[in-house]
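Two complexes follow with chain A in common, the first pairing it with chain B and the second with chain C.
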Partner chain A sequence: MAVKVISPGLSTSVQDLGRPGYYHLGIPEGGGMDRFATRIANLLVGNEPGAALLEATFMGPELEFTEAATVAVTGGELPPKVNGEERPTWESFPVKAGDRLSFGYLKGGARAYIAISGGIDVPVVLGSRTTYVLGALGGFEGRVLKAGDELPIGTGTGTSGKSLPANLRRPQISPAELRMLPGLYWHRITEAAGKRFFEDTWKVAPEADRIGYRFRGGAPLEFVEREQPFGAGSDPSNIVDACYPYGSIQVPSGTEPIVLHRDAVSGGGYMMLGVVISADMDLIAQLQPHTPAKFAPVTLDQALAARADNAKLMARAEEYLAG
Partner chain B sequence: MAQILSPLPGTFYRSPSPGQPAYKNDGDSVAVGDVIGLIEVMKSFHEVKSEVAGSNVRFTADNEEPVMAGAPLADLD
Partner chain C sequence: MSIRFNFGGDEHIFGEVSEAMSLDSFFIGLSMTNAVKAANIKGVTEICPANASFQIRFNPDLIKPQDLLKELQSMEDAASKSDSVLKTRIIELPVYFQDPWTHETCMRFRERHQDPNSTDLEYSARINGFATIDEFIAAYSGQPWFVSMVGFVAGLPFLYQMVERQKQIQAPKYLRPRTDTPKLTIGHGGCFAAIYSVRGAGGYQMYGVTPAPIYDPTRKVRYLTDEMCLFKPGDIVKFKSVGRDEYDTLLEAVDANTWQPTVREADFSLTEFNKDMSGTNAKLMELINGR
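Showing the complex of A and B:
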């Protein structure tokens, strides 16, 4: 069983739930940027939640199936079509040998997750099938898909007509509110700058990708004056090199905040204002360029409560699909 | 009347690079597959090829305008 790539879309890659445990060596966790959509797509087609699937960014691929399979598309509203006929999202549907799966224009969100029963059977590298494009590691030949690729597919047991109702999905609210925990370097900016940072509405920059989401449109940060310590660069946004957590918000030269995402670099010399909380990382994955977002400060207790709520949302959806 | 829609979200450009003439000017004819502009997204540029044919093209999106996926870029007769 294989799937032939007729056209790859803009940036379509094999992803799963990631490759944790190597970040200290500079290899990021990776995996589907929208974890909820990744897990649900797999469950809809009868796969394990961490099976390998396709993450399509902004634009869908066109695929041809050599054998029958069950398919589900979740995440952003990227309308799937089988031989030109539209199919629902968040619901499994059958494809026959020779069928072509294509997509209409993106109607909402940014990334769609295309799960195929049996999962994409590329080799496991460091415990995962996730593609890390910067490191040319994992996935299909360590890169995004190209026309002419043939993806090996495992043996599946999916059934069509399985769906997750809208009230069990994570709602997408605009402007997105990204909750963040101010961090170690917060003291580097003035009180007025900190206040402005939360008041301003930011917009996703077109450069935003799996490594980081850049935002612009808010006021430049004002730094507290200091003599730069030995080892730090001369710009006031520079620090002595430090580790970069997932979700950390760096602001090079104080102008455009960048939130590191699943393919993050693991360290560098920019101060970080804090981290976007884990519960809101999926939200970022679904932001199109030029869409508005605001940052909101939370405490560690609030961040942990949000993480628990997020886990409950996931558990409710998984229970529904298991039932 | 036919419309040309943006296949991608990003920034729309009317010409191949700054200072170059536009791919198409208002009033031109457009054939299927003609490039009518560029979309910049994720640090790369993507040609927008028309999926429809028509005459008397009228651009509804400006040069350097931010667009969403599926946004109308131009009308055709």
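Showing the complex of A and C:
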């Protein structure tokens, strides 16, 4: 069983739930940027939640199936079509041998997750099938898909007509609210700058990808004056190169915050204001360029409570799909 | 010296040994991360040493953040008193300085540089007080470097030269990062050298290229079959300046997969090093040259 790539879309790659354990070598965990959508897409087609699927960015691919399979599309509202006929999102549907799966225009969100029963059976590298494009590692030949690729598919059947209702999914709100725990090098900016950072409404910049999301439109940061420590570099936003957490918010030269995501660069020399909480990482995955967003400070306890809420939502969805 | 601990969201603890770079700080960070590794703490998923800091990632569903913090704090005393002795290795890496590829790239991004009328090498030599580029290269490749961090992208080493602070070469990063850097470029930013393991964006000054792959996701390069990444923190690196002809010869051997770098086991003591830097370095370099 295989799937032929007729056209690849804008940036479509094989992802699963990631490759933890190699960040100390600069290899990020990767995996679907929207983990909820990744898990649900797989469950809808009868796969393990961490099976390999396709993550399509802004625009869908066109695929041809050599054998029958069950398919589900979750995440952003990217309407799937089988031989030109529209199919629902967040619901599994059947395809026959020779069928073509294509997509209409993106109606909401930014990334769609396309799961195929049996999962995409590319080789497991360092414990995962996730594509790490910068390092040409894993996935399909370590890169995003190209026309003419043939993706091997594992064995699995799945049932069509399984769906997850909207009330079991997290709604998107505008402006997006990204909760963050201030810290790390927060003390480098003035109190007034810190206040402004949360008051301003930011916009997602065109430079937004799996590595990180850049935001613009807010006021430049004012730094607390100091003599730069040895080895840090001369800009007030420079630090002695350190590790970057997933979700960390760095502000090079104090102008445009960048939130690192699942293909994060693992370290560098820019100060960070803090870290977006784990519960809100999926939200970032579904932000299109020019989308407004605000940052909101929370405490560690609030971050843990939000994480627990997210886990409950996931558990309810899983229970619903199992029932 | 006391470590500044901080939560990085709900999944990371960041520990800053000191704001400024020094080998003493690096060693404390390394001792801490080694201690965390040895303690085998449930819920810890990533242990990342950095230049003068470190980062631990954890799953808060498996360990309470405050409990992990307490555990880390309890290790601090032992880590800062550890005797800083390392069983490591010295690796000799050929570098073709003033090569045509980084030169072409550096000219392409001139408007993003502090001094558009000089090359990266001319600029760096000048601001560090060297009369000529040759003298600058001699200093760069004359004394060994310590791998004080691996990261940014897969397998990229940050290198800290093993010389007195006043002899450290320093250079700012580009005003705006380049969108391109040739693969295996030797670059410099702040007090750190870096070797770009893959082609891509970058902000460091560019001085040369090595013919030796340092990251191989396919594990076909003969010395990267077990580990995809050549470097780990604590390795010692000595650059060997080579000309175009030697570079071409080496590249052919790399392509034929017959070449591998000279690597020797080495014992390193920070106390000994701090007492006598040039003596310690001379002994290390003898391991490579003395035969």
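The rule is short, and it goes like this: the second predicted complex is superposed on the first by the 323 of 323 C-alpha atoms of A that agree within 3 Å, B and C clash if a C-alpha of one lies under 4 Å from a C-alpha of the other, contacts with A are read in each partner's own complex, and residues count from 1 in each chain.
The rule we apply is simple: a contact is a pair of C-beta atoms (placed from the backbone, for glycine too) under 8 Å apart; a residue touches a chain by one contact, two chains touch by 3 or more.
Please read all numbers here as calculations on a predicted model, not as lab measurements.
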| item | value |
| --- | --- |
| Which superposed partner A:Y132 touches (first chain B, second chain C, both, neither) | second |
| Contacts of A:G233 with chain B and chain C, given as first, second, both or neither | second |
| Which superposed partner A:R196 touches (first chain B, second chain C, both, neither) | neither |
| Chain B versus chain C as contact partner of A:A208, first or second or both or neither | first |
| First, second, both or neither for A:Y105, with chain B first and chain C second | first |
| Touch count on chain A, higher of chain B and chain C | C |
| Residue ranges of chain C in contact with chain A within the complex | 6-12, 14, 16, 18-22, 45-55, 57, 60-61, 65, 149-156, 158, 160, 165, 168, 170, 172-173, 189-192, 197-198, 200, 215, 217, 228-229, 232 |
| Contact footprint of chain C on chain A as seen in their complex | 20-21, 23-27, 125, 132, 134-138, 142, 180-181, 183-184, 229-235, 238-243, 245-248, 265-269, 272, 274-279, 300, 303-304, 307, 311 |
| Contact set on chain B toward chain A in their complex | 5, 7-11, 40-43, 46, 66-70 |
| Of all residues in chain A, those that touch chain B in their complex | 10-11, 57-59, 105-107, 110, 206-209, 288-290 |
